[in-house]
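In what comes next, chain A is part of two complexes: it sits with chain B in the first one and with chain C in the second one.
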Partner chain A sequence: MSPTNAVLERVTRVPGVRGSLLISATDGLVVAERLMDGIDGRAIAALAASLIQRLVRATAGAGMRIPTFVHLRGHTGSVLAAPGRNDLVLVALAGADANLGLARVEMLDAVGRLA
Partner chain B sequence: MRALEPWVEAPLQTFLTESSARLILLMTTSGQVVAQHGFSRSFEVMTAAALGSAIVASTEELARIMGASRFGAVVHGGSQQSCMLSAFGTPRGRWIGLVVFGSETSIGLVQLFFDRLVEELVGAAPREQPARAPLAENFEHELNASLKELFGR
Partner chain C sequence: MTDDIRALTARLADEPSSLAFLELGEALRRRGQLEAAYKVARGGLSRYPGLADAHDLLGRILGDQGDLAGAFDAWADALRFDPMRSGALKGIGFLYFRAGNIEAALEHLQRAADIDPADESIAQALARVRAASRAIPSKEPEPATDTIAPAPVAAGPGGDGDAAAPIFSAPENGDQGVMLVDGNGLRLSGSLLSPANEDVGDRVAAELAGVSKEASRTAKLLGLGAWVAIAVESPEGNLFLVPPTPQTLLLTVRDPSLPMARLGLIAERAARDARAWLGVQE
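Entry: the complex of A and B
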């Protein structure tokens, strides 16, 4: 298993996480994904990258450092994103019952390991 | 935005709003313009349509030689702006979309909303047969009429 797939596997194993993917922040394209059937990885990559790009611009405009972790909470679940090096962003989709604390720890650890 | 066929306008406007694309040109595979947004001069449109349809024809032939099915899209990435060319089937024949976009959006977003545009166009297209191809003696008149429609003058 490649290091990238190992990272996605670790995040996806967290209870309640429905999938994870590594995306390119600039292009909004999927680099690698591990998602449940029926989840459109392309749409998540494009929209999550756009969100991250805008947040980075907003925080830079406010004189703050770029976000290290983004949690977007909805009625039925959450989108979690952790920007990493080389324009990569680790994204996870979590259900309402997910262990978000563990997912956060795993994602921050995983994104730190990505070259 | 200008469109030769009114049913194209709503899906195209939605695409422009959602994707933040700067320019778009919809044309047939023979280079006949169906709709455009962002171009200011008619010769730019005609040149872009001719070049776009030629590029798609070249890449489709390249795919055929390589034994592959058609390429989904051709993307030219630039430092200031990028360009995506993609051919798709509609009930009115095979069309090509040429989209120019800048750093305010991304190729992922443009492709995502372009796919939705294609779905909406296919759903909105009238099912009757397209108008017959213009005869050679009417071609110049038809071309001028189309350009007037596309540029409002």
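Entry: the complex of A and C
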């Protein structure tokens, strides 16, 4: 198993996480993915990339560096994103019952190892 | 200094390891000597970090001091060591009420009432929160505990308040670092300074234009329901975005040392203030 797939596997094993993927932040394309059946990785990649780009601009406007972690919370689930180096972003889709604290720790650790 | 405080102080001086600090801290708190009460409680906690009574005491003192986030943490610690601590449940219930989370407030107060059905103050708090959940939000009831004074109701756009006056009533929600933005990227209230102390409010407000729509679109298309919040961690600060109304966005920024969950609580409270200021009935 490649290092990339290994980190995706580790994130996806967190209870409540329905899948994870590595995307390109600039163009919103999927680099690698590990998702449950029925989840469209391309849609997640495009939407997450667009949202992150906006948030990167907002934090830059506030005189801050690129975010290290982003959490979009909806009523029935969350999108988590950990921007890394080389324009890559690790993204996870989680259900409302997910262990978000563990997912965050795993993702930050994974992004650090991918860098 | 009253006799009881003098006696308790002497007792604690004679026996520093005694539990007299609990009585002394409470006596000082009731007399309004909050700084002294805080020091006594902290001193006791350094000796008894696992004592629920001490965390509960600290929660009441911090609540009186207006540090509601700190009070929340103290009461949460009290419950960690004693899940049946009705005072801590009552305190947290009130904080949830202040944050606008009526459901969680009722849940905590009901648990407190189940544990201590003889405590009339809990039954009264429960009744008030239930009544408030059916009432107009500006008619906020008296606090559910005797430890915290209610925040003043902010003057809305239609009121006679100064438009530049702060709208965020909680002590830690001074308008600095809290900003209300409309859907066109224009700042409605609040301000934001960069880490270099530059006023970046308008620039950030402009960048936030469209974030609400983007978040809404993302959450909907990914089957997450309506979006509730966006938490952003950055080395220089943590940001928390919530939509007080579909047309507005509230940004709260704090130092990264503040836990994100606590920032979320602050943001929820600020959003409630913002809705009241905008004249939106909850």
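Operating definition for what follows: the second predicted complex is superposed on the first by the 115 of 115 C-alpha atoms of A that agree within 3 Å, B and C clash if a C-alpha of one lies under 4 Å from a C-alpha of the other, contacts with A are read in each partner's own complex, and residues count from 1 in each chain.
Just so we're on the same page, a contact is a pair of C-beta atoms (placed from the backbone, for glycine too) under 8 Å apart; a residue touches a chain by one contact, two chains touch by 3 or more.
These numbers come from a predicted model, not from an experiment.
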item	value
Joint occupancy of chain A by chain B and chain C, clash or fit	fit
Dominant contact partner of chain A by residue count, chain C or chain B	C
Which superposed partner A:76 touches (first chain B, second chain C, both, neither)	second
Following superposition on chain A: angle at chain A, chain B versus chain C, Cα, nearest 10°	120
Chain B versus chain C as contact partner of A:50, first or second or both or neither	both
Which superposed partner A:42 touches (first chain B, second chain C, both, neither)	first
A:26 touches, of chain B and chain C: first, second, both or neither?	first
Partner chain(s) touched by A:65 [first = chain B, second = chain C, both, neither]	second
Superposed arrangement (fit on chain A Cα atoms) - minimum chain B/chain C Cα distance in Å	10
Intersection of the chain A residues that touch chain B with those that touch chain C	43, 47, 50
Footprint of chain A on chain C - complex, ascending	192, 194-196, 198, 200, 203-204, 206-208, 210-211, 214-215, 217-219, 221-237, 239, 253, 260
List of chain A residues in touch with chain C within their complex	43-44, 47-48, 50-51, 54-55, 57-79, 93
Interfacial residue positions of chain A with respect to chain B in the complex	23-24, 26-29, 42-43, 45-47, 49-50, 53
Residues of chain B touching chain A in the complex	105-109, 111-112
